[in-house]
Amino acid sequence: MDREEGCLLEIDDLSKTFKGLHAVENYHLRLSPGEILGIIGPNGAGKSTVFNLLTGHLRPTRGSIRFRGQDITRLPPDRIAALGIGRTFQNIRLFASMTVLENVVSARQLKERSGIIATLLSWPSFHRTEQRLASEATENLGLFGLADRAGKAATSLPYGDQRRLEIVRALALGPTLLLLDEPTAGMNNQESMFVLDLIRRIRDQYKLTIILVEHNMPLVMQLCERIQVLNYGQIIAEGTPEQVRADPKVVESYLGRAMEDSKDAEARNG
Amino acid sequence: MKTRLAIVLVAAAALILVGCGGKGGGNTIKIGMLFNMTGAQASLDAPSANGANLAAKEINAAGGVLGKQIKLVSFDGKSDAATIGTAATQLAQTEKVVAMFGFSDSDMVMAAAPTAAKAGIVFVTSGATSPKLPDQVPDYLYLACFGDNVQAAAGAEYAINSLKAKTVYLLIDKGMEYTLLLGKYFKERFVEQGGTVVLEDNYQTGDKDFSAQITKLKGQKAKPDMLYIAAGPDDVGTIVKQFRDAGVKSPIMGGDGYDTPLLVQVAGKGAENVYFTTHSLMDPKLGTDAVKKFIAAYQAEFKVPPENAFAGLGYDTVKLLADSIKRAGSADPKAIRKALQATKDLPGVTGAITYQEGSRIPQKGVTVILVKDGTFTLAQEVVPQKVPQP
Amino acid sequence: MAMSTRLQRLIPPAVMIAALAAILGATDLVAGDYLQRIVIIIGINVILVASLNLSNGFTGVFSLGHVGFMAIGAYAASILTLPVHLKAVNLPDLPGWLQGVAMPFLPATLIAGLIAMLVAFAVGLSLMRLNGAYISVATLGFLVIVQVVLVNWDQFTRGARTFAGVPAYATIWNVWIWAALTVYVVWRIGASAFGRDMRAARDNEIAALSLGVSVIRSRLLAFCMSAFLTGVAGSLWAHFITSFSPKSFFFTQAFSIITMLVIGGLGSVSGSVIGVFLITVLSELLRNAERGFDIGALHLPPIYGASQILMAVLFVLVIVFKPAGLMGGREIDIRGILRRIGASRRGKGAA
Amino acid sequence: MTSTELLLQQLINAVSIGSLYALMAIGLAMVFGILRLINFAHGDLIMVGSYVTLLLMLLGLPFLLAAAAGVVASTIAGLIMERVAYRPLRGAHEIAMLLTSFSVTIFLENLAIILFRPTSRAFPAPAVLRSVIEIGQLRVAGLDLIAIIVAAVLLLGLTLFVRRTNVGIAMRAASQDLLAARLMGINVNKVIATAFAIGSFLAGVVGLLWSARVGKIDPLMGFNPVLKAFVASVIGGLGSLPGAVIGAYVLGGLEILLQGLLPSALTPYRDAFVFAILIALLLFRPNGILGSTEREKI
Amino acid sequence: MLKLETVDVAYGHVQALDGVSIEVRDGELVALLGANGAGKSTTLMAISGIVRPRAGTLTYNGVDLAKSSPFDIVGLGVIHCPEGRRIFGGLTVLENLKMGSMRRAEKQGVRKDIDWVFSLFPVLAQRRHQSGATLSGGEQQMLAIGRALMAEPRLLMLDEPSLGLAPLLVQAIFKVIRELHHRGVTILLVEQNVRQALAVADRGYVLSTGKVMLEGTGKDLRSNPEIEQAYLSAAPGARA
């Protein structure tokens, strides 16, 4: 496989087998900086598995992953995160014993923290660092309209806010590449649209590259410049939203009559 | 929060009240008794406590000492060193006892005795047989029983002289100071007399399955003339039973840990041809009059025969202290210690006690017992010719 | 302003240290040996429980084997401080270079803590990879291994025999200085980036990993620090009790420390202190009460074991009705209490 | 003794001790599967059954009757334990439940100390249980054979029970998803009580075999067996019934093997080796031999 | 048939349901809508006896559900098919179905119903001896519904049957729901897929932060501007 210059992420021949079952097979990707890529496909198609392979939570059976030219195929998740790949999860994974602010700080502190001596001796530098972490985290929260909730227990937030908080937290890591796993799952359309807007904003503001796994078609279609469609662990289609939408394989295996249904509904409502 | 604080304060206040609530006794002499009534050590200590209580009851029924009643002030050591230390402090400081006694294990003794010594009162251990103990707490720690070196030497001499054993299989419980010392001293004296150890194996206190050890012994080419198994009273029956069940017929020998009805009850016929060294023959029919009386009284009081040798030792310890107080003519700790050191030929159910000048381990004859037809019979009274250095 | 916030930060610890010193001073001067013993035991238990909290509470690595570190600390320090003439008698097989050593208390304690920490590091490298009940089982295994080694390593430990003659160096003061230090360290760690790493890894390991938290490293840090302090407590305990054997460091001891921790509340430093205090005082009360007593004409016979039974029932009740322990992972807000006291005083003054 | 006979002898030893561990471990595994509770107090059920048997024998009951009553007593004790101590804790954290079971142990042991005295008592098993069968140089204790046979029969019966009967399937269902089981109208209390009853029944049987083998009983007698059963069920994979059985035989084999093979100087370290092997196993198979290797679903 | 009146449910300090009143009449298909955390699942949990209301009454054909155990409630024919499928992965498909019929005595009927479920979901028949864990997500959802049907539901509560399923499968599931409805099974449906749910529902309730905000017939709700705005307008179509 050739290596391309200026590529942020290069994945070749990535495969993962669970007990003989091919969860992901021969997955490949070239991602340029600043791109928003969508991955769609039916449940069990291997979308989350790709994320988990990419972030080191699973070890691939075969293949290679290079991030900014560095081979990260077999690195543990914390090392990969430290290199600049942040992610959110399909099911919310906030730190339940912490406040909203602490959740964000716990990500920010990867880049900046006091040493153990300064901590134990409670040196002024320790308190300065803590204060800076807190104010930066508050700033991050402000972007998502969560600043006023900073002192609340993270798990006491309404569902939608929890999802947003997870994104803030992943952002606080200061990633180059952000992986969002169904960021709008369980949200109503208003909330979804808010998130859509946000993803665009953070992409521009933080110069991020984003990969998005979503079932919310309208969101994916509006947001992504490029879409990969997975089925049974394999890429069955790739291209612009229009290309993908028009691909008969995609319609058959995934979109099904949903589009027609929605047309029906529109017709009825209209 | 406030209620919590209040609870803590009330608890602390109550603690002080209870802790300081020792009643000064005009007409009683208070002796501190420390045994582990619960926890891992309880099965050794509980019979001693029974024996001690029985002795106190008898003494008081007979008019007490110096015209006063004896009161045994007792705490549960809970088989825990920190608790024992605290309890000993309470006895010395709060209860102001004139002497202390107790315990069958040197750890436990060492947790209490230094506190007693610091307060200037004696501590007599009823059942810890380590001959090294008195060195560790100078002046104030006494043994009411012989040292392990004495009984091990007696056993070794009997084995060579009477059993004509030349080779021995040694099994030692690695979990107890008592058994470790017993095994060590036996080996020393046995080898000294020209015997050989063909195989030495070990187990841990409380092990229930000895099949691996047995198989190993049976895999041995040279069959030993006898087995010496250093075990505590809770394990002896099980071990003897399993060795016999596996067809090991040679004589088995051990120390005073064997002096428990469990040996015959558990091992049944397997207990035949078992020899052990102990303080005296504890048999309701064959024992001395004192022993018969003790067994009967114990049975009457606690509805069971004495559980093991420690019952008699607890009984004798209280008698020993009472005798010292009587001879001292006062309940002053200093006088008690002096009188105790001067004890000579005090008869007891576990043998007569004499403390030599400068020694705090009594000189006692060693009784060798043979189990025959399910009863303990006297094999020989032995005074060992040479005793290994502690 | 900056100066005044700094000062404000110093007020609560200063108040606490002053209060503690006053209490200890009073105990040292006025109270008898009995109360002093209890205060020392509470101090040692505070170290044991607070340091256990660092591992079991903050990282959720529920170790059942910490008593093993206590044992290591106790034996290591005692070997170092044992007077030379006793070494010749009690530990004749000790290597030559150790035979002549009889260290003062502090360096021996520090070395003992370090040894415990090194052992924790060595076993932690692999143990910290486990999770949930399995880590408890594995640490229980560690405790058994320590126990077996202590019983059999005669050369250094005298095996199952009593290790006696340890100088009685522990005092109210050195024990409570260590206790205060431990509480301080655990509290600082809890409020720092390290503490957040630990809690993050406990709350959600996968999310923590994805945020670059090295879960194993942060667990290992907690485990090792905790082992160090537990080793120190072991040394203090050894120089308080002065004679012990391997069986002093087994399940009974392990359960008693864990009980205090859980009753106080996992993850709460003040909870640890409260748990220790309550349980120690209560079991002391019950221990005295179970000997039987007279209320008027009523004579209650001694029921040995009743105190353990009552403590067991109490423990279950706490778990049922206060599953997170008395403090439930929260802390006593000393600053808030001080402020309230100040406010009420000002209020009174105004009135 | 030839080496083949020696080997055979050791094998019988291992299988017989493994059988006892297996019967214990099953009880632990069954309860853990449903409740996530590591019931340390399981060992004390052995004690309860043995004491009841002994007391009834002292009252003059024939052994079989007393033994049956002992097993029933264990079963009832297990049910009471579940009802009083564990039911109020449903859904609590597994560590909280583990610690509760420690408390139950402390409670029962001290109660037994108060009621039955702390000293050991002889357990007079009838002669049948003490017979020895000689085959050439080989001597097999009757009890070993009985233990092996009893374990085999009980394990087979149990397997049929959980595979074939509705209650058995419900038990497996409840151990996989307690909430779903409740929603399907499975009487969870009944299922849990059944699990406790079966486990306690097996513990009662182990108690008899164990006491007959050891020859005496004491209030703390349950501690070692439960520790071993616990290790066995972890080796096999906590909560897995076949795993518990495999783990038990592996543990029994390991103990006998180490005791027999280790040089004398190292045999005292046997338990250290056993636990070191356990820890090593957990590192390679974090969920035991039969536990699933699947990580938490992300 | 089913009636909830001013039901309050709280988890610790968090009020999950706040005075919820809902009614389901015989033969109806009622949809329960709302955002995540609105209290939909809690409502079902309260009906099936898993959580206990703090106040209010819950009756089913006059029986007080608040005083009944989940076991008794299943006995009444009130069956809750939980969110996330929650099938028994270690049991075979057939055993899973058997677990659904735990409370039924007559073997004949059970056997007939197994055949019926297999006819509804032929793929399950093929896999009857396979363990549940080996099924795909969609098959597991079918099994979960099939398992609930085995309990002879008179009131079937489905919690998010379409969650996490590809559009094709969602349609299959809804087809079955419609079919069950035609057969006369009373259904209480919790759905995120508002459009689909309202298309099949006779009536619906909209929950928000533990309160009933709106109620009405499926048609009314579909044309309700608030609903339109909150759920339907901005993103037409295929939310799966």
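Note that the chains are named A, B, C, D and E in the order they appear, and that numbering of residues resets to 1 at the start of each chain.
To be clear about the criterion, a residue touches a chain if its C-beta (ideal position, glycine included) is under 8 Å from a C-beta of that chain, and two chains touch if they have at least 3 such contacts.
This one's a predicted model, so the numbers in the text were calculated from it and none came from an experiment.
Hopping across touching chains, the smallest step count from chain B to chain D is 1. More contacting C-beta pairs link the chains of B-C than the other of the two pairs B-C and D-E.
Averaged C-alpha coordinates put the centre of chain B at 34 Å from the centre of chain C.
Our note on geometry: chain D versus chain E, Cα centroid distance of 42 Å, whole angstroms. Per-chain Cα centroids separate chain A from chain D by 48 Å.
Chain A and chain E have centres, each the mean of its CA atoms, that are 31 Å apart.
Multi-chain contact residues of chain A (touching two or more other chains): 57, 89.
Residue positions 37-38, 40, 174, 204 of chain B are each in touch with at least two other chains. Listed for chain C are residues 151-152, 206, 304-305, 308, each touching two or more other chains. Interface residues of chain E facing chain A in the complex, by the touch rule stated above, are 14, 35-37, 136-138, 164-171, 192, 195-196, 199, 209, 222-223, 228-240. Residues of chain C touching chain D in their complex: 62, 126-127, 129-134, 136-138, 141-142, 144-145, 148-149, 151-152, 206, 251, 255, 258-259, 262, 303-306, 308-309, 311-313, 315-316, 319-320, 323. For chain C in complex with chain A, the residues that touch the partner chain are 6, 9, 185, 188-189, 192-194, 196-197, 199-200, 202-204, 206-215, 267, 329. If you check the complex, the residues on chain C that touch chain B are 32-35, 37-38, 41, 89, 151-152, 159-162, 164-165, 168, 237, 240-245, 247-248, 252-253, 274, 277-278, 281-282, 284-285, 287-291, 302, 304-305, 307-308, 326, 332. Taken together, the chain A residues at the contact with chain C in this complex read 55-57, 76-79, 81-82, 86-87, 89, 93-98, 102, 105-107, 109-110, 113-114, 116, 119-120, 122, 124, 126-127, 130, 133, 169-170, 173.
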